[in-house]
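You will see two complexes here that share chain A, one where it goes with chain B and one where it goes with chain C.
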Partner chain A sequence: MIKFAFLNNKLLNRNAKASGVILFLLLLCNCSKPAQDLTDYTKTYPSQSGGTMIDAMTGEPSGLISMIAGESASSAISGNIFNKLLKYNKNLDLEGELAESWQVSDDQKTITFKLKPNLKWADGKPLTSADVLWTWHAVIDEKTGSPYASDYQLVKKAEAPDPLTFSVTYEQAYAPALDSWAGLQVLPEHLLKGQDLHTTAFARNPVGSHYYKLDNWTHGENIKLSRNPSSVLGQAKIDHLVSRIIPDSSAQFLELMAGNIDSMGLDPIKYARIIPARPELLQKLALYKELGNSYTYLGFNLKHKPFDDVRVRRAINYAIDKQEIIDGVYLGLGINIASPYKPGTRWSNPNLAPYPYDPNKAKALLKEAGFTDTNGDGILERDGKPFSFEILTNQNKEREKSAVLIQRRLKAVGIDVKIRAIEWASFISRFIKTGDFDVVVLGWSLGLDPDQYSIWHSSQQAPGQFNFIGYNNSIVDKLLEQGRLELNPDKRMKIYHEFARVLLDDSPIVFLSAGYGLTAIHKRVKGIDSPAPPAGLGWNSETWYIPEPLRRNEISAN
Partner chain B sequence: MMTKSVFKKALKNPLSKAGFIIIIGVFLLAMFAPIISPYDPDDINVKAILLSPSWQHWMGTDGLGRDVLARMLFGGRISLLVGLVAVGISTAIGILLGAIAGYYRGWIDTVIMRLVDVMLSIPSFFLILAVIAFLTPSIINVMIVIGLTSWMGVTRLVRAEFLSLTEREFVQASRTLGAKDARLIFTHLLPNSLTPIIVSSVLGVAGAVLMESGLSFLGLGVQAPQASWGNILTDGKDYIQFAWWLSLFPGLAILITVLGYNLLGEGFRDALDPRSENK
Partner chain C sequence: MLSYLIKRVLWMIPLLIGISLISFFIMHLAPGDITNNEASFNPKTSEESRQKLRELYNLDKPVIVQYGLWMKRMATFDFGNSFASHHKPVFWQTTDKDGNVTKGMIQEALPITLIINALGLIITLALAVPVGIIAARKYGLWQDKSITLFNFIGFSIPGFWLSLLLMYWLGVVNNWFPISGLHSLNYETLGNWDKLKDSLSHLFLPVIIPSVTGLAGITLFVKNGMLDVFHQDYITTARAKGLSEHKVVYTHALRNALLPLITIVGLSIPGLIGGSVIAETIFAIPGMGKLFYDAVMMRDFPVIMGILTIGSALTLIGNLVADIAYAWADPRVRRGVVRD
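What follows is the complex of A and B.
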């Protein structure tokens, strides 16, 4: 599913102030060395059950019904509690999760799922196709207002003829259909029927069917999960998962170094500079790097002049040195991209190359578009007005730094740029939803299906929808519509390759880079696949284990 | 004149002398930043990211390879400018309202003093946060907002001075001779209440420098890439265990500057205090 990417978004709250205090205290206590940890974490141990794994999250979920919350904090937790019909395996092929098998009809319009027998909710009640049907009704209900509703609204008819069978029929063949059923978490009808999903106590006290169940949720502190003994897919190895809510990433990092949390996402400087420079950290932390399905971009408001002019957009694309951003901001931990697809996957068109850094070409294009420096101040003008705009971004260190580098490169071709970093929530509500911006630096996290209808189709421009840059290209519209209907993978691939080619040529956004997801996990956690398979590091997290000798003292584990 | 003697007396105190020297020093460094500074503060060098202090970069480099010393010097200009302008605004408002309240008394005095009470009852840092959140964060807005939210002390001070001065013989005499309000206020009352105003302004600058640093630290003050001590400190926050120089130097600069203003202000205050006359 598509989400706004806002990694490490700094929240402006009491914790920001608190960290100022912590920061000062740290200066004072930095000199005292922590007790030496003499455990040998490299030893191999047989897989065994038990133990607690602790991680940290920057934001607290608003609730654990993820179809309503629509935020990564919520799905990170609820993904351990609720099952879906289908899931992706290690190599990103679909396989059944609740479904034992599924069948697509010859006209490609009907999918029939057969559920595994004897499925149970954590409270002992049976899980049947009626629950799946109820969940579908809930997600498409106008009252639910789910951001993911559009995928499921295309279902014309859904049925549960017997407890083990669930079938859906689409108006027309819909290529992303199976992918969408690997995204919908199935909720228990018997606990939710007749309730308002927005206010139900269930959102804070859920009952699911997956590997874990909610133990305890202390508001503002942590969410504790424990193994669900009646899990339908067998038993996970680790007994307890604790997610501590630590809004400030530097405070999270301190906890990681102190061994009080077991894993966290890192920024490039922590990954490439800080941890490698400290042997005592390398001794207990394992570093993982995987190319995520996300990218950072500079997006133009195409409804504002002069960004409606393709020459101006191309000029800015030529004027930005993307390699410099990858080297300087991501310390080399990023990849130059030319399409909105993860490089190396089938959907990424191998024949496309990013715009090279070429300031002279940029200047020529700007001149062609009517911009000249008439008053000799180094800034270009058109119709007497200087070419000047503001780049908005959220308070994310990497994006702010990228903006500073872009500012410098654009100044060199005669464009005056100002930068403004805004707190995430007000950034979205005040500027993105209202379309009140010239240029943004933002990121997209993408799903596995190549369909990007919601981002690029001209019909998706209403406030709150994802095509907020106002992109309107009839060729792209047509390709996106075709891509959704085409079920032959090779033909579908060609459609998306062509889509990416048109997009690159039109340059409605400047692709800055695809960054690596960087993670540190304490070496006490074993069984992690490295290097990460295509499905990502966490694909087999239920088989991760913590050998008994390496477990932390359970008393201190809260 | 009274002010001059107070100044002399204040500087006899070694602590306030130290404060004075610190402030002069900081001012000179900021003023001559373009000459002293070894690098351009906005000179990015992606090959020299987060270098620790060395002969080449005395205070190291930041996350974009910019020289921290250069950014500190230019950031100092911002911090001092914000301090002075903000206090200028608050002092001007404070004098105006205090003079009106203290000279005319009556209902207008009541209105102004209740307004002061209301303003004082709102925690000023959160008031400023709220106001800045509505405006675009920029150095000019920060100066204005700090100025507009910190005039209450001066108002009270000026009013109190005026209340007591209007009863003094030379004022009464002048009034009997037919002097107009404006003449009384500007030639008699104001010059004689200048000393406490200066004291409170000096202390006010310290507060404003801190406030600006705090706002910039939270990302609501001076915006990147322009340097200010507060936002250099924010840059360093994430890497404090590794790139200590990014937190230490701006932290020290803020500490020393605020200390300087406070020492000087305290010195003035002591010198003014009649009970410390014989010291």
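What follows is the complex of A and C.
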């Protein structure tokens, strides 16, 4: 660049055009001197309203009706615009959002919600149980084709006898029902009636009832929300939320460094190495970590030999050093888990411990299963066939690195492993759906309800369903069925604790790690709970605030 | 000449059909469809709903039937609606019964990419021609050598790496230029002059970087063209006549040396609409490259086909325009075409 400018000037000087070019460049430059940011962001200020918070997301939502959009970018924005009947509080217990209270009938089949009085949409029209009923009709409608319809299709009868009452009756008691009503965003009937949800302009110009309303959506660039003055839950502190669409995480990080955005999700390297090494960033950025409801695992195809043998599965579990993966791949920003539930929550069984790293035990188990190294090449054989398989994973750097560490550890106990990383759509349709794989490294992102019927129940093995590893255990099946019928949280907890114990013992998958969600937020944003409570960092984002002296000047004028 | 033109244009129709047929089948060779995206791998979603979606989009039908359906729509210039992006029209805007206008995806992305690439091409040409002439005139001297060195560096530097470095240096360390995006957040509140300034400063890096890294090829072209022409007899004649060096270079040599450039510019017309995925991703520009890449990753077939069809039509038109321009500029070619 410098070289280019120099040469160019030389050339153009001769033609006496240089002054024009330089003038042009000067005009483009924002020639204010880069003032050293001397603001003390650590000072405490009282909570006050106003200001703008800017974050960045990698993808643009396709629309803001999340029951059909499906992608996380859509629900991230629409979650600020639409309310649900119920929500999870700080400690992950359910409480009312639009609902003031709810009641489960004695036979556990009917749930009756009482709405808060005087609810209003942002356009001033009243929000009633008719809207909730209409939303339910929309989500189960064949024409809507919502991918999330299945939970709501179990409702046999839904009615709205008066504007404040909404009740649903299930064929049989369905424990995940309450969680499903904490997931469905209620849409306004008066604006959507008779519209095709797939093409309606409402998806890009929604009217909701939550803390914020859509101000402006510039395609491919940003989405601006502003405070909804008639919000049903009171007023949020921050006036404007702006989400900029920046697909590349390096570019996002540069914007964060320059102070043009206030928050972004980080990878472990930025969190643990880059930011701590730069005092000028530490001065203005606060780092947060929170456990998500997701984990990475190594899954066996249980229909393929030798993975039908529990001794082989346990041997591999013992042979993998999970701490090494957490330290090496996640730079220590993850934890070792023993059950498919977030540690520290009610559903996670505190008495279970992950398989320790024990290569000798692994070798003994493999020997018991009939594997011996007969030809002395370091690879075990059974019936003359070497123990060799391929780990498939999608093109995800962290999963690929994990696979490499696993490859080395398994080699040490005499198993030959190859690794293949495949683009997502091909991976799913060519390998997962057809069951044409031995071992995969994948992850699950789960909801807050403990029901995992669709992942582990033996009836869920058809192509395209989620028990693609072919897990078939009658005890687990029974527990999962019981867990869906039991609405009493304490009894339900016991069921899932037992389920997790059987699962760990049976080792159909190897839990590799649960990585922390990592976020940097500019220190001008105050009122953030740290460390994050079980419900996560954003649980009280409506009370976050930006004190006036710390606001950006050019945008607060807006 | 006219019959030649008509023949060329008519030929484009079977060519386009052939291209679309091949593109359609290659697109379907890749495993997976819209229902296999990462968001659908959520245990709360069900296979039945995915199957319904496949039926809705006719993805359960044989590829040849799907191609027939696509051709039927294309016969009325209906590019269809995106699977992935809330059924947005692929090409041009539509108005629903309430008067809400939904902009087409290509309609939104194309102008952005076109502006960036056209500016880039103009800057590249504006720099490459004088630089190439100097390199030819000072052939073998230090000016030529430093230009070659500079070109070599520009040619070998990865564009994304240079982009990130310049974003850091000009945007973070010095705060001279915006880092990414097309407009500032307060763009709407600015006056006209500031709006122009804002747009140009956002376009500066995305336009300059490909121009600089793309300079090498065209500079070399101009230089070699000039060197070739300098050895022609008529240049010797012009010099012998006692014409000024300026006149020899700019009137006699340059015009002939620039002829091959017409072909290059003609061939780069389709390139004008194909944005660079990497540059658009880094600079957060919602252009054609990003649109195409996302469509491929999501298996959003109508969008992929729409872009490929428009791209190939423009390629064919670009070729035609280049040939015509060549004939217009060079009498030797013109006579050859007419005789044809």
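One rule holds in what follows: the second predicted complex is superposed on the first by the 483 of 558 C-alpha atoms of A that agree within 3 Å, B and C clash if a C-alpha of one lies under 4 Å from a C-alpha of the other, contacts with A are read in each partner's own complex, and residues count from 1 in each chain.
The rule is short, and it goes like this: contacts are C-beta pairs under 8 Å (C-beta built on N, C-alpha and C of every residue); 3 or more make two chains touch, one makes a residue touch a chain.
Model, not experiment: these values are computed from the prediction.
Judged by the touch definition given at the top, the superposed model places A:Q395 against chain B, while chain C stays out of reach.
When the two structures are aligned on the shared chain, A:F466 is found in touch with chain C, with no touch to chain B.
Of the two partner chains placed around the shared chain by superposition, chain B is the only one that A:L331 touches, whereas chain C remains out of contact.
Touch criterion met: A:R273 reaches chain B, while chain C stays clear of it. Shared-chain residue A:V404: touches chain B; no touch with chain C.
A count of residues in chain A touched by chain B and by chain C gives the higher number to C.
Shared-chain residue A:S72: touches chain C; no touch with chain B.
Of the two partner chains, both chain B and chain C are touched by A:S250. Contacts of A:A421 after superposition on the shared chain: chain B is touched, whereas chain C is not. In the superposition on chain A, the residues of chain A contacted by chain B and by chain C overlap at 27, 30, 250, 254, 257, 423, 426. Taken together, the chain B residues at the contact with chain A in this complex read 42, 44, 46, 49-50, 63-65, 133, 136-137, 214, 217-220, 223-225, 237-242, 244, 247-248, 251.
Interface of chain A with chain B (complex): residues 10, 12, 16-17, 19-20, 23-24, 26-27, 30, 249-250, 253-254, 257, 267, 269-270, 273-274, 277, 324, 327-329, 331, 395, 397, 400-401, 403-405, 407-408, 418-421, 423, 426.
Residues 30-33, 36-53, 56, 81, 84-87, 96, 98, 100, 102-103, 108-109, 127, 130-131, 134, 146-147, 150, 153-154, 162, 164, 166-168, 171-183, 185-186, 188-189, 197, 200-201, 204, 212, 281-286, 290, 297, 299 of chain C are the ones touching chain A in the complex. Every residue of chain A that touches chain C in the complex is listed here, in rising order: 1, 3-4, 7-8, 11, 27-32, 34, 54, 60, 62-63, 68-72, 142, 145-151, 183, 198-201, 203-205, 216, 218-222, 224, 242, 244-248, 250-251, 254-255, 257-258, 260, 423-426, 428-430, 444-447, 452, 454-455, 462-466, 554-555, 557-558.
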